[in-house]
Amino acid sequence: MNLSPEYLAVLANSTIRMTTPILLVTLAAALCTRVKLFNIALEGAMIAGAFFSIVANYYTGSIWLSVMAGAVSGMAVCGLVGFCVVHLKASAVVAGLAANTLMTATTTYLLSIIFNTKGVFTHPSLVSLPKITLPGVAGIPFIGTLFSGLTPLDYLAFILAGLLYVFLYKTVPGFRLRAVGINPEAARSLGTPVERWQLLTITFSGLLCGLGGCLLSMGTVTLFIQNITSGRGYIALAANTLGQSHPLGVLLSCGFFGFSQAVGNALQNTALKTQMTFSIPYAATIVALIAFHLYTQHKKKKAKEASLQ
Amino acid sequence: MLLHMHQISKSYGPVTANDQVSIELHQGDILAIVGENGAGKSTLMKILYGLEQPDNGTIYLNDRQVVFHRPSDAMAQGIGMVQQHFMLFGSMTVAENVVYRKETRKGLLMDHRRNQALVKELSQRYHLPVDPQAVVDDCPVGLQQRIEILKILYQDAHIIIFDEPSAVLTPLEVEDLLKTMEQLSRLGKSIILITHKLREVMAVAHRVVVMRDGRVISVSDTSETSLEKMSYEMVGRQIPTRHMTPPTVGTPLLEVTGLSLKGEPGTITLHDIHLQLRQGEIVGIAGVSGNGQSELIRCLTGLQAYDTGQVMLNGTDVTQASAGMIREAGLAHIPEDRYAWGSAPAATLAENALVGAEGRHPFSRSGILNLRQVNAHAAHLIQDYDVKAASLFQQMASLSGGNAQKLIVAREIARKTPVLIACEPTRGIDIGAMEYIHGQLIEKRDQGDGVLLVSSELSEIMDLCDRIYVMFEGRLNGEFIRGEVDEKTLGLYMLGGNRHAPQTALG
Amino acid sequence: MHHKQLLGNESLRHWLRRFAGALKQPTLAIFAGLVVGGIVIALSGFHPLTAIGNMLKGGFGSAYYLTTTLTRSTPIIFAGLAAALAWGSGYPSLGASGQMILGALICSQAAVRFTGPPLWVITLSLLCGMLGGMLYSLLAAWISDRFKLYLLIVTLMLNYIADYIASYTTTYLVKDPFGADASAIQTQRIESGILPRIFTGYTVHWGFVIALVTVIIILFIMKKTTFGYRARMGGLNPRFAEYGGINSQRMMYGVLLLSGALAGLGGACEVLGARFRYVDGMITSPGYAWSGIIASLMASNHPVGIFFSSIFLAGLTTGGGAIERSMGVPSEVTTIIQSVITLLITAHFVMAARKRHAAPAPYTPSEGGDLHESQP
Amino acid sequence: ASQSTPEAPAAETAAAPPATPAASEADFSHLKVALISDPIGTEQFILQAYHKVEEMAGIHGFQWTSMECGDTAQWEENGRAAANEGYDLVIGVGWQAAEPFSALADEFDHVHYAVIDAIAGNDKVTSIGFNETEGCYVLGVMIGTAFPDEALYGYVGSFQTQATYKYRYGFSEGVKSVNPDAEFMYNYTNSYSDTSLPYEYTTQQQAAGATFIFGGVAASANAGIYQAALDLAERGTPIYTTGLSVDQTTPDNPYIIGGALKNTGSCTEIIISQYLDGTLAGGAQILGLKEDAFGVVHVTTDTANYMNEEMMPPEAIDAAKAVAAKIIAGELEIIAPEESAN
């Protein structure tokens, strides 16, 4: 095995690709947290996105219509959960988890109804997301590899993190959205339709999940297979906590998760068994959360000491 | 006529909160609504503000019928409400709070500088000084209320509803508030004021409506009524005047030496607190709220750890002990916030009446509850304190605020502990019930127990306390014996004694 | 007079009314679930009423089907009780899955290693299973308490880790030494210390009886003990509980330890009564823990309700299997029905209608139960 | 519109008794056969068995059903329900069947239980396991001959267990028999359904220097490897790979140059026809190259969907065929050691 810079670039490149779906979903989680909603239906919205983008892909052959179908179906799932949670006051955890199993079952079921196949669907006529070649970058040795094989949605994930930051902290609608989350009663008392804001936000978060689903089903391999999300929606919850629901923090925490996943993969070729290496990202997430807590506590203590002098 | 609420009725299941209530308001009026707990005042205002829908009756604004489905409808018609529980975005700035929903913007972006300038301008116009850039969570309560008022003015309200605005304020802040109301009325704003403090009514209101059991009992000009008349109409009986015998003081029950608490930046720190409470006396802690009273009481009751100091309770060293241990050692505690600490709103009345005693005879034996005793005890409390409740098994949250308070007071006094810490025990309680609770506190003292009374209500402190400490900026700033001090001196000490010149709550 | 009237209120009529009120929500949700399921069934070309009828028959319709359902319901009941304790006390934990896994794994090892009379071995192994669940719950509780992390997130992560630990252990450390088939990832078969079946010829085993007894014990603990009272108050308003002298930290550990013990016991009963060994994925694949959470929600955390809702949910699954076998209805239909029920089980249809014009709720503990559910 | 399901290779096997004319004339309409498996479609080899039962039912006229197990507990529930609902022959495909069927065979004497792809402990059960190791050894020889100068060979598998180790071990021993200095890099996805992980592992293993990567995840999830092969070729760094369970070579993807075959179809046929004949005995057997139960594309089959003649030279196929012949003749035996020892 050779650990050339090129190999490391490939490793980093594939880590980016594996991280962007999680980043999109974690941004979704962060947005919902900002309006005081705990959205655990990310996984279900992602599955829906992955499935319906493939359906649209098969029937229209258009990649952009597929992405739209994925986004819309993600929105539909989160919108449904949002309606139950916001308007019918259902428990967010329960309704969200239910939506996840509902979508897993529904997509498998529709797979057999629409395509008459069980478990997995792929077809030569399916088109995949185009890969972007950055002009001038592709030739550079390390950098070129680092940015190779990324789709517009991969770039979009990073751009969205920045845009969401600007939206939340610099714009008027973002200000109002945060206000709803800080004190819904106060917002309501001034005539803000809090429920509508919450519903809109969670529905929009579904769009992000749907895009994440598109990345899974059309980013690298163009197919739908049941349970294609493999728990990424739940990872996003942890990444969101670690990133403090801040778009830029979320960017960091997803990067951290991707990094620990890469470390786990690299360790597979050692004496460690994969059952061990696969638990690394989860254990690392807990450790990071603990470290973050200890760090903030330490900072608080420092500030307290400073203020007393 | 500006506003006419005509024949408004509203019931909640079997409870009739409003029964054909009519009120009228003219421009520039200050209209006070008074009445005992559960009389239906808040309900009426909620209807006016679009928070509740009346079962019957009509609202006329400028002689035109209006229907408010939600607060924004009311606000669009120029009606604003300062609610008891402030409706502010704590982690945002004053300016952001005030301009919310009417922000100036540059394109999609917030124009922070312009917003701050607007708020500054508004605050100067109405003589309500604020710092637009301050974060609301860091502002004292009085200032937060001022922000609330500014917010409503910024929304162009011309009718402003205050529901018990002074319950959380210090005397000086109350003075400020009353001045503000008069000023607003001079500037053409109309005000509806709900309060249990009849002195405030006499001070600022032009007219007063008295309610009882959901009905209007009387409407009169303030110049034509009196404190006695109003309280008689409210409660339906004469409030007796109270006599306090001089205290027979015994051994110390609560001794605090050198208690200090270093808070986090931006919060109150306690400096070297020494205090003593003896058998047979009521000791008061007066002070502008937000000067460390809450922290001190949390330290004394085991709800917060402190850095240094020793606390002796009834001969036991309870330094840094847990709330449970301190309760066991003989302390009862009426907390200042009835919903945050004092009760579990979603639990039943019976469950709320049990807390702290669940581990004792006769309510339980070796961990197993005796539900018959538990329920009987709760029923007694409800009966003795005249809590208006339908069932032991209804939720605490369905009681009116005053009635919830009464149940908490009842629970704590009934523990018959040597020491009672009572924080704002009569906040939001009507004068009849207040009288009863005061009587109970005095009776407790006369039985030889000690009561530590924390109140921002100076008259309550002056009336009840044998000895008074004044708290300012985390220090006990003075100690006085009843009768040796007047309200003015106390007020001075509450603002930093002779060391500082008096200043407004803005600081 | 006032006194009497207050006390007399919890009459049979009052209780019945409350009971009926508590049933309204689950009934509506179940109805909605069956309607959606019926539509799905109809879409795939089957007669919905026949299919649902057959499904109920296949879940409860004969001694054979019913006992199969009861077997499946056993671990769900334990998981449901575990969830009810934790959620009802304000500690929403998703940890039952990991705790059941470790309970099952440890119990399977204990039962293989201990020798002695069967009853002795069974008791010891069950205790070991409980201990396993308890310790894992303790870990979650400690991390959550010491580092102020959301229990929900911690338990979610720990579930993955438990699954991998068990998988590793079963693959490498305690793999079945006698297995004819080397590819099966499972531990050694337990021969003597198994929970016997209640009726010969039917799979339902004594684990179900243990579950029933546990339901009664938990009911007693929740309703009639100071522990239950304190846990409930802590769940409704943690600051109120602390103010009342209830040591919230101790309650948290107590509640979560007990919850973990129940989950561990559930895993252990499944090993000793149904599988006779630990098989990789035996807990996660049927989703017992998840069904347990649904069961406890359907029953508003009431132990007796959990008993019945668990049986109902298990019956849907066995009935779903039956219509798949007899009519060819895809098994996903059952999952869809279950999910729709779950989606709506905590929704407030009635309140929503009334709520439209109503005031905001009088008080929601801003840092109470709601803190755990919605993040800051 | 459904996924292409290549026809299983014809089940002309040495072990299978020729279907007697008597068998096809007899009336089997009272007989009930059940096929129990994981959800069909998660694995191609289940689909093969499913189609075989369907096909034989058409020929012989028995009643049949398929029972999919959504979770591991359903294996016993379905096996038991089949007995209670009057099924005569119950065939389980998957290792999960071994344990419950062994117990059920004792309880229900009138039902014949059979297991494919696992060895049951109870001799009343007919069980057929596969000798994956020797088949993969042959595949390894083929690849070692076709890619003789590589320093590093890749392997992407699903779960790291003894079951998959038989593939990995057989393959690497086969390669080493040709190229003794070969080194191996392996990655596991821990899932049968994740396709992006195999994709990424493939690109990583390529970057680490592998030109051949064994596709061992699952017939469906191997798609990740196949797509990566296409993408890498476009970038000028092609890799080659092989399929699993069924013949996955296809003209659409010339980088799939062979594969291991798990012929559940022929096993199903053996079991059903022997049952109809009344000759089905219990007991376990492990079938491999000799019985054509576990085969290798281009080696045990003469036809393949596609043949990349450039990358798969005749000498590689010949070398593989020679080793296969030796194994069938019993001259060579490959047995995988315990995975844990590795």
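Note that the chains take the letters A, B, C and D in the order they are written out, and that residue 1 is the start of every chain.
The working rule: a contact is a pair of C-beta atoms (placed from the backbone, for glycine too) under 8 Å apart; a residue touches a chain by one contact, two chains touch by 3 or more.
Every value quoted in this text rests on a predicted model; they were computed, and no experiment measured them.
A.B. asks: Which chains are in contact with both subunit B and subunit C?
C.D. replies: Touching subunit B as well as subunit C, we find A.
A.B. asks: Measuring centre to centre, with centres taken as mean CA positions, what chain is farthest from subunit C?
C.D. replies: Here the answer is chain B, farthest from subunit C.
A.B. asks: More contacting C-beta pairs: A-B or A-D?
C.D. replies: It is A-D, judged by the count of C-beta pairs in contact.
A.B. asks: For subunit C and subunit D, what's the span in angstrom between their mean Cα positions?
C.D. replies: 38
A.B. asks: Which whole number of Å gives the spacing of the CA centres of subunit A and subunit B?
C.D. replies: A distance of 46 Å separates the two centres.
A.B. asks: CA centre of subunit A versus CA centre of subunit C: separation in Å?
C.D. replies: Averaging C-alpha atoms per chain gives centres 29 Å apart.
A.B. asks: Where in subunit C do residues touch two or more other chains at once?
C.D. replies: Counting only residues that touch two or more other chains, subunit C contributes 171-172, 287, 335, 360.
A.B. asks: Would you give the residues of subunit A that are in contact with at least 2 other chains, written as numbers and ranges?
C.D. replies: 108, 185, 188, 273, 275, 278
A.B. asks: Counting only residues that touch at least two other chains, what does the list for subunit D look like?
C.D. replies: 39, 160 - these are the residues of subunit D that touch more than one other chain.
A.B. asks: Looking at the whole structure, which two-chain pairs count as touching?
C.D. replies: All touching pairs, sorted by chain label, are A-B, A-C, A-D, B-C, C-D.
A.B. asks: Which part of subunit A faces subunit C closely enough to touch in the complex?
C.D. replies: Those residues of subunit A that touch subunit C are 33, 36-38, 80-81, 84, 87-95, 97-99, 101-102, 104-106, 108-109, 112-113, 185, 188, 231, 234, 237-238, 240-241, 245, 273, 275-276, 278-279, 282-283, 285-286, 289-290, 293-294.
A.B. asks: For a test of understanding, state which residues of subunit A touch subunit B in their complex under the given definition.
C.D. replies: Listed in rising order, the residues are 170-173, 175-176, 178-179, 182-183, 185-193, 300, 303-304, 306-308.
A.B. asks: Help me check something: in the complex, which residues belonging to subunit B touch subunit A?
C.D. replies: 70-73, 75-76, 81, 83, 85-92, 96, 100-101, 103, 105, 108-110, 151, 155, 262-265
A.B. asks: Taking the complex as given, what residues does subunit D use to touch subunit A?
C.D. replies: 1-3, 39-42, 47, 152, 159-160, 183, 185-188, 190-191, 193-197, 199-201, 203-204, 206-209, 220-221, 223-224, 226-228, 231, 235, 252
A.B. asks: Which part of subunit C faces subunit B closely enough to touch in the complex?
C.D. replies: Touching subunit B: residues 2-3, 6-7, 9-10, 14, 224-227, 229-230, 232-233, 236-237, 239-247, 357-363, 365-366 of subunit C.
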